[in-house]
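Look at the two complexes coming up: chain A is in both, with chain B in one and chain C in the other.
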Partner chain A sequence: MSAESPLRTAPDPARVPAPAGRGPASGREAVLAAATDGGGAGAGTPAEAVRGRAARAGARRLLWALPPVALLAVFFLYPLVLVGRQSLQPDTGGTSLRPYADVFASAGFREALWTTVWLAPAATAGCLVLGFLLALVIAFVPFPGAKAVARFVDVFLSFPSFLVTLALLFVYGQVGMANGLWTDLTGAAEGPFRFLTTPWGVLLAEITYFTPFVMRPLLAAFAQLDTAQLEAASSLGARAPRIVRRIILPEALPALAAGGSLVLVLCLNEFGIVLFTGAKGVTTLPMLIYSKAILESDYPGACVVAVVNVLLSVGLYGLYRVVSRRAGA
Partner chain B sequence: MSIRFDSVTVAYDGNVVLDSLDLTVAPGEVMALLGPSGSGKTTALRAVAGFVRPASGRVLLGERDVTDLPPHRRGIGMVVQQYALFPHMRVEDNVAFGLKARRATRAEIRQRVADALEMTGMAAYARRYPRELSGGQQQRVAIARALAVRPAVLLLDEPLSALDARLRSGMLGELARLHRELPEVSILYVTHDQIEALTLADRIAVMDKARLRACGTPRELYRAPADEFTASFVGNANLLPVTVTAGGAALGSAELQVDTAGAVAGARATLCVRPHLVGLGDGPNRLTGTVSEIQWRGSTHRLYVDVAGHPVMADLRELRNPPAHGDEVSLHFAPEDAVLLAAGVGGDER
Partner chain C sequence: MLVHSRKAKWAVWVLFLVLFVPLFALPLLVVLGASLATHWSGVLPSGPTIDHYRAATRGEALQALTTSLLTALAASLLALAVGTWAALAAAALKKSHRRVMDALFVLPVAVPSVVVGLSVLVAFSQPPLLLNGTRWIVILAHTVLVTAFAHQSVSAAIVRLDPAYEQAAASLGAGPARVLWRVRLPLLLPSLTAAAGLCFALSMGELSATMMLYPPDWTPLPVLIHAATDRGALFAGSAVAVVLMAATLLVLFAVSRVRTRASYR
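== the complex of A and B ==
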């Protein structure tokens, strides 16, 4: 009898009818947790058991995050730190802000900074406008070969940037087709097209090269667009411009934001195009880094410009995101 | 304003999907385009809206030939199955869209948007976005948006098929009420649902395989369908292969009294009897057979009876003592409730 009675009265969680409540379930969970933890210290209450499990899950997640973070640190952050440190170590020895003072004081740097700061957003704006118009035509104006053109946009993305620049040189360069035609026709010694070595040439090349980067996400977005909406708008009496403005543009904003931010950052750091076109006349920050580091062996100076360039990229990108989020993208 | 199809033919890549359609919707009339999926209903509607160009034929709105007019100049209201609301605009801006496109004054826009939302019962939702509405509410907004521009012609393409059954019957009533409030608007109502067509339409145009099969009032099509396809698509029908005799028709050995309407004796024909007009027990035009299936449907029993190898359906008011599977029963129908259809017109190709 005495051996039976405790069995009968002992609360048996497995036999408690669970009336669709939280109580018994969590009770059973606690029992289970205690069992799997071997009833060890620290796993006394259900809350502690849960916390322990959460901590272990967190630790496991950290473990998974470790390899990518380590890779990032070794190949990206560490060099960045080196650049930052070098920028504080003038050739004369010691650690000081001298390199910064020197670079900021030079007219060449200020000019390069200004060129970079206006060129990149201008090229981005050009790409957005041109890319939006071209993508509109490809997506919504039925013409034979629209598909082929859309596919070519993808191929174009894989071209190196200097290829486009070379093509422009062939057309508008000093001895290019346009000038050649002009000298042949008029007998003049030189052609009129000389803008390629000016910032305008760089702008043209950057817009030409980067526009497909905007078109790509736009075409994807347009393919998602519900044509029934366009038809509804048009049967309500809207002509094409109103449909573009009020229906297509609002729905393309996220794609424009994505393409635009990508192009902005790429333009800020573009080197090949500037090297091939601007050459002598146009200096941007990446060009300045190149000439300081390779041509003048001024490593601290180059690193200062590099730091500025990185800050500028991150800053402008952040600004762009804020603005485009305000715009509803 | 009337809508007129004048021999309208539409083809996609040489594939004829609308074959020389002739149809006129009178001013203020509700015309249902009824037919199975792929029969060309939407294509006909889109030809009126201006989204497909007929290969030949003309589309007229009133006296005006609109065949070559772009959609935005046709002044038509259109509502489609998936609503196609503008997702980034509030309800009120969706409804105002057409008015703004027509450069209405601000006061007029405010008034008409309010009217349209009031009429569709959506006034309380003006500031919501479409994603914040249920399917039925979105459909109301789509209708309000189409009505706000006061179109003389309203095109509805399966407007209820994205809704569940209960909402659908509610919206059917709403649409009927809207039409009573706007009696001058002509409505072309595309549907594959015979109930919607029978409930709502003044006339039904039955479409099949790119062709217009029949056109008439719901009552005409139901009581005296022109062919087997129409008979089976508008309501349920027993279609029995018979031979025309001097006094009626013969189904196997059973002699039936029906109006032969001038059919030649000896010719093969199809007899159409609606299941709810078939009675159980003895009577004129008696058919005997064995019960192959019996379904209880609440207020009715549906009997499937095998009569000399032909299944006959009978919808009977709920029976106290229903026959069982395998029982021998007699069915009958009144001579005036049967229609003799010429055999070989449509139907049997399917």
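== the complex of A and C ==
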């Protein structure tokens, strides 16, 4: 939306559109424009001078956006382009699609691709449901210590993800807590819990680790929600499920969409949890990139997997954002 | 305020505890317990000791802690500056330009951190900018990774800003710079501190890109923890992990002191 649109469309100063995210300059111009226009004094203003001023302001704003974009281009986009280039340069020299053919033909790659692709949505769904329920309780059924729990959720983000797997080793590992409890209770020689080295162990760790990423934006959104709405609905006889569905959920949708898309991509890209699981049966794409680049020094191969992984996560993330925008989130 | 009867409240709280404790509190407690133990073969750990903490607060581990703190501090300050600048600049742009810019700055979230590590390694192991083997490559990668998070949370806060304040200030004659400094930034302060905390925490726990990049003389804590647990020293690794958590918690606490108004309910 350009700065000149209020000039053309604003007949009533009270209804001057005030779109969120206006720059200081445009906000000021909107107010001035509304004041002159609404006062009926705008008729004498030469339209061309106004348009010229708006164009200059637009150019200035673009100029202000340039430095951060330039930094991003040098330190992020340019390296990515180099990865794309390296993926087309096999160690034997020249430029060819051979690295792609080699990687796509390997069974290890296809298995890693499949594991990555089903684990991420499953973990995301779990995180969304769990995160919404927990954030709801913290924000709207507060108990003594609810603030401490919210702070605790923040700390969880600082947890290196593979530490969740480490903790799960002590809980569900071969000689961990759960199996220890089982052998103590039943007298059996071994406990029944041995899912940690399977994809299910990775799934549990990912849901545990990423749920706070959903809760955090949700709690922020809930903190801005006007509680008068809830009180009003409640005093008019709405029960809790209805209030959640009709008032809280619509308010929470942007946060849910943001958190959900973030978690989906972070799960696609998760490395620490899988690295630490150390199971031969569970290899995801990021794990494959690491082992090809650092352990095997196969840079073209690693770059090929990297390109595939980037296309997958960026594509899914873009799709998710478009869909959630369509859904009105 | 959502559930009014006493009984229903208790039911909700019990459900909360049943979900929360095993999933979130237990892992932390388990790591804490393991860091103070030498064996774990039953329900509870055994062989209490504080030797792991002695090792975790000196020598190699202490150096790793300093490394992590410095890296996270540098990365989150840089990311906050660039991310906030980008968010403010994008907010002033036309809608189509703003979309492009938002998409650009969201990209580092969508790109796997392992790939960011790989790409930085590929790009800065060759001229014109040779950073491989220095600490700067680690700081650079962390900055790239957390800038996206800073930008996202700041621009989300800008969208929620009530434009009435800045319009009032502007209509009273305040210039754009003054409006930015005296109205918008103070209104954004809670989100800025929250973003700084998030960036710091993420950088402290960053492993994937760091594993691809770290030089021997710049080993952050997560790498050290991984090295310890990888060679089977699970209990010593847990102690270092507790140190990492404590350090992060302290910094987050200090950051939240700066936070003025916005609070969780």
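Quick note on the criterion: the second predicted complex is superposed on the first by the 255 of 329 C-alpha atoms of A that agree within 3 Å, B and C clash if a C-alpha of one lies under 4 Å from a C-alpha of the other, contacts with A are read in each partner's own complex, and residues count from 1 in each chain.
In this section, a residue touches a chain if its C-beta (ideal position, glycine included) is under 8 Å from a C-beta of that chain, and two chains touch if they have at least 3 such contacts.
Please read all numbers here as calculations on a predicted model, not as lab measurements.
J.: After lining up the shared chain so the two structures overlap, which partner does A:Leu319 touch, if you call chain B first and chain C second: first, second, both or neither?
T.: Neither: A:Leu319 stays clear of chain B and chain C.
J.: Between chain B (first) and chain C (second), which does A:Ile138 come into contact with in this model arrangement: first, second, both, or neither?
T.: Second partner only, chain C.
J.: Report for A:Ala188: first if it touches chain B alone, second if chain C alone, otherwise both or neither.
T.: Neither partner.
J.: Have a look at where A:Val129 lands relative to chain B and chain C in the superposition and call it first, second, both or neither.
T.: In the superposition, A:Val129 touches no partner, neither chain B nor chain C.
J.: Would you mind checking which one, chain B or chain C, touches more residues on chain A?
T.: Counting contacted residues of chain A, the larger count belongs to C.
J.: Answer with first, second, both or neither: which of chain B and chain C does A:Ala101 touch in the superposed model?
T.: neither
J.: Who does A:Phe159 touch here: chain B (first), chain C (second), both, or neither?
T.: second
J.: When the two structures are overlaid on chain A, which partner does A:Ser234 contact: first (chain B), second (chain C), both, or neither?
T.: So A:Ser234 meets both chain B and chain C here.
J.: I'd like to know which partner A:Leu311 touches here: chain B for first, chain C for second, both or neither.
T.: Once the two structures are laid over each other on A, A:Leu311 reaches no partner at all.
J.: Which of the two partners, first being chain B and second being chain C, lies in contact with A:Ala47: first, second, both, or neither?
T.: neither
J.: Common interface residues of chain A with chain B and chain C?
T.: Residues 231, 234 of chain A touch both chain B and chain C.
J.: In their shared complex, at which residues does chain C touch chain A?
T.: 1-4, 8-9, 12-13, 15-16, 19-20, 23-28, 30-31, 33-34, 40-45, 82-83, 85-86, 88-95, 97-98, 101, 103-116, 118-124, 140, 143-144, 147, 152, 155-156, 158-161, 163-164, 166-167, 170-171, 176-177, 179-180, 184, 194, 197-198, 200-202, 204-208, 211-212, 222, 225-226, 229, 234, 237-238, 241, 244-245, 248-249, 252, 256, 262-265
J.: Spell out the part of chain A that touches chain C in their complex, as residue ranges.
T.: 1-2, 18-28, 30-32, 35, 58, 61-62, 64-65, 67-69, 71-72, 75-80, 82-83, 86, 130, 133-134, 136-143, 146-147, 149-164, 166-171, 175-177, 180-181, 184, 207-208, 211-212, 216-217, 219-220, 222-224, 227, 230-231, 234, 240, 243-244, 258, 262, 265-266, 268-269, 271-272, 275-276, 285-286, 289-290, 293-294, 299, 302-303, 306, 309-310, 313-314, 317-318
J.: If we count contacts the way the header does, which residues on chain A are in touch with chain B in the complex?
T.: On the chain A side, the touching residues are 226, 228-229, 231-239, 242, 246-247, 250-251, 328.
J.: Under the definition above, what is the set of chain B residues touching chain A in their complex?
T.: It comes out as residues 49-51, 70-78, 80, 82, 84-88, 97-98, 101-102, 142, 145-146, 149.
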